[in-house]
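Letters A, B, C, D, E and F mark the chains in the order given here, with residues in each chain numbered from 1 onward.
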């Protein structure tokens, strides 16, 4: 049954581990984990070229109501990333330059919000990165409770306080805190494999050959035909 | 019943007043008015970092038909903003570099269109700002009448000729011409309040304290718990 | 009935002709052809200010499965543009920096994909242009056959191998290979007409007069009224 | 600027006039008025085969907050139709069987809501018709004021208290109260014209001939060709 | 380049063949052909429980303009199905009871339209089946030419005059006329296979065993674990 | 990190408890729990008037791939409800009459799927209820592993094996298995309160009075004005 909770002092992952994940980026980490944890593609950055990773502080808020974001700020520590989900779909502008100022003063790295943000000219100037579903100036009220640091579903993925969020131009992925170490190792291994392949591909070798696909394609029934013989000259 | 009208010489608001609103921007003006007038979040700028405000010249057009935009151009005066609504949803490219050239020669500041625009590389180079629902090269015909300077619903908001449009990266807000003076005052007051709060937030003070939220949160039933005691170590 | 084909050596249009079309851009080519061939407005560039044209190499892929892209790469020649359609709607990230590396080594100009791409920071740095329906890091498998260089419907338009794709910030248009020469001529003629009009519009002449619209508007029943007489002072 | 108003005793149109409009139905009334007033196609009935018309009582509500619906009920009179718009997009279930019970006890004919409703099994059993954007059980709060009987934009159309709403399986149309009498006359005339055409079409006569289209089609450039000569046998 | 054509006397498939396909239904025919030809899932029937198949007469129409539907009617023969595509996305009500009356008098079986229809209460009473993207009373004009019986892309699939359309509650599939005979055979074979499997499944046998999936699942790495051992009691 | 698991013998809730929840229905259970657990409004029933509740057996499947549904069937027991989520958004027809036959033979009550289903005419005749995001005949492959009875996010809500699903015409709600008993009690209490209110509302009493809203509305600033004095006669 619903209780409105602020969960204090959740476990956190070392920022050094977060930084390692940030070094690999969203696509590599997502792949290395086995293609899990990705927030849906409707969450887009308001800026370009920024890549961050940090511990999630989660907020669950009512539609059109940003009261709990103010509560969430207090639970943030340097390096954290604020993650906001709503109890029903909403594109209102929950977040603007004042909340960003507050978060920056706490050392928070960025915001992920399955709703709208505003003051985006200011946010870009301030260098505070945001990934959101919408940009909207629509104001919100402060009337209905939600919760902070409880598990939430944000853009289709469960996120818990202290899970690690990695975000860049490709979107946002959540790494469960118990998977962080293996994710770093798997990302490192994947990046090494990719670097080797990148070189070969750049040299003109084909993926068909590098990945040994020709035989399995043939076995699956792929036919090569010539345009002229298939469709006539 | 439908008449196809071109309403000439609608009332206009002084450009100085428009400029004052532009100085505050969409989010502040929308909030200061009491959270009204905002066009829906599907209307997005094709450029970044531009903020304008001016008197609306309204156009109501048929789907896939930009005839009335040419009629609308003649009704524009320096400083105006052309606002285009359609009689049914359409993403076609009603507007491109030629119409922009024409509007620029009249001193028009920009375009708001609940449909598509095209030639966006040219428009960005020319510095003519557009907020639209889509970017689409799809051509339009000139066959069906609409109206100019009648009240329209554009992206969910009623806009009348001579209402003031404010537009920036956060979207577009319509200020009713009779509310312009009070909106300026309210925006000025809001900005002052925000400046004071911004300083306190930047200094690390919490919104929870600045806005005196702690007591009302508690009264509403918010519970603070420790992670370890709630979920176990 | 379905066969999984790779059609080799389709006809191609001279790159010089493609370059001519690129010079005119999507909106002009689309208009000049009589407003056909435009892919739907949901296909957007991940970059800004790039304009290309080249022969299509088509790929039909299963949802969440990028196996056939690897097959498609081998069929590409310098100047080609890879065009990917899926057998059902999907926003997964079929394409990233490795496939881009491979395509660049073959001299391919860019990618059009009715699905998602990823590694967009890398793609932008590499200067490999992509037009896609989504940006998503979601990984794909290599398990189900599709086809290469068969006619596909991509974003609402039929595209055949060797049709010419023109893409820029306005979107993507497909020119049937048999229409290329007439499209170039028609584009040239249109551009000439537009240049003349652009000058007149810039000088303040109205489209109403340039296009002789006043009489037809009146005949259609357009009424000019004065605001004060229509709505009262 | 925003005030939260309940406007009492708005003008109303005679129910006999509403009934006349109901007799013609949404498509005919919309056409007869000159194709205006139609709410967008996202508003769908939860039942089938019901056609009503009555005076609008308008409600403007916050997202996820149905407080003002309770205020609106008191302003309803027998024959009225409750019309609910929200200040930002929301699909929550603002309305269920209890509010329907209350409205039925007041003699209200139905509900139009640009949001969600719930208890649809009950509503269908009770015979209380609803046109909504969504069906959703999501509960709403009672915390934020809105207004009653002020002009609202509902699903893209302005609706004022005392305008007439006509609703059936085709959707919902708003007839401005000052246009009711002419709309009835125009609908009657249109229906008569259509009845005559329906007979001729049923007898096999073609619209091409009834509407004299052949000449204008030819003048516009329509070409008739034979399949065999155009595409070969 | 665009010409506005009415192609007369396209090839047609025997109605007996169409009827055979109708007997199998959309899902079976689509599967039997190898999972091709399906129009997108946004095209939905306005009625329930109807299944038809017939030769396509294709119409390409401008947005908000149903002129060409009247032209298309004349090209229809008994048993045909009218298939309407638009040159850009549009949900307007192109089709209502008058056009249905006209088509019924010609013996046409139904309508597929990638746009809106209206008068749905009448259409259901008349028993004229329609599959459409929207239901909307929004009226259309008769001002812009399109074509009849040229190949169109309708809801993501190419449809040519004389291809066979099969439609039921699952949606709409297009069978190329050259594939009709093999599609009937493949559908018959599939239905026989399915009947045998249906009996076994109804008797409690598992698909895992009927389709021999267990070994391939294991080889692919599927692990069976017990809840208690995986998550603790 | 990803493992592909089939979790056997998850905990289950007594069917008697499920039946109790079914008796209250989705809206009441959702409200009684404090407005949590509701799947998003895009999940709609293919039938009308059916209400079920049972233990969830969860399936996580790849896009366009229904292999794991066959695996899931084996884990079902009488009274269960199959809940299918996908690893990325997909509307393909994962489920048709054969799988329904198999589930019915196991005594499964219904299917919840965040994707498409097909054979809906058959499913309705068989009386097997389905709640899905789409109806689509699009066939799926059997090539990629997923998991069964692991926690999934389905339509925005986390669902674990043995959580209770309640589904009716209002949508689908998930009750965590540890909340079932309190949810039944809270639902019973809510229903009692609603029955009392329903009687008073039916008798003409206003919600404004029953819920004592007048004072709080006034305190919040709601103004009552007369139309004539506000807008003039």
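In the analysis below, a residue touches a chain if its C-beta (ideal position, glycine included) is under 8 Å from a C-beta of that chain, and two chains touch if they have at least 3 such contacts.
Fair warning: this is a prediction, and the values are worked out from it, not measured in the lab.
J.: Just to be sure I understand the contacts, which chains border both chain F and chain E?
T.: In this structure, the chains that contact chain F and also chain E are C, D.
J.: Tell me, which chains sit next to both chain A and chain D?
T.: Correct list: B, F.
J.: Given that chain D and chain E are copies and touch, would you call their interface same or different according to whether over half of its residue numbers are shared?
T.: Mostly different residues: under half of the interface numbers shared.
J.: Please report how many Å separate the Cα centroid of chain C from that of chain D, as a whole number.
T.: For chain C versus chain D, the centre distance works out to 39 Å.
J.: Return the distance between the CA-based centres of chain A and chain F, expressed in whole Å.
T.: Distance between chain centres, rounded to whole Å: 27 Å.
J.: Which residues does chain F have that touch at least 2 chains other than itself?
T.: 3, 35, 87, 89, 91, 136, 138
J.: Let me know each pair of chains that touch one another.
T.: A-B, A-C, A-D, A-F, B-C, B-D, B-E, C-E, C-F, D-E, D-F, E-F
J.: In the complex, go through chain B and note every residue touching chain D.
T.: Contact set of chain B toward chain D: 1-3, 33-36, 40, 87, 89, 151, 153, 156-158, 179, 182-183, 186.
J.: Once bound in the complex, which stretches of chain A touch chain D?
T.: The contact residues of chain A facing chain D are 62-65, 87-92, 136, 138, 141, 143-144.
J.: Which of the residues in chain B come into contact with chain C in the complex?
T.: Within the complex, chain B touches chain C at residues 3-11, 67, 70-71, 73-74, 91, 93, 96-99, 101-102, 104-106, 116, 118-121, 134-139, 142, 145, 149, 161.
J.: Could you please specify the touching residues of chain E with respect to chain F in the complex?
T.: 25-27, 30-31, 35, 38, 41, 44, 49, 51, 168-171, 173, 194, 197-198, 201-204, 206-208, 211, 213, 217, 220-228, 230-231
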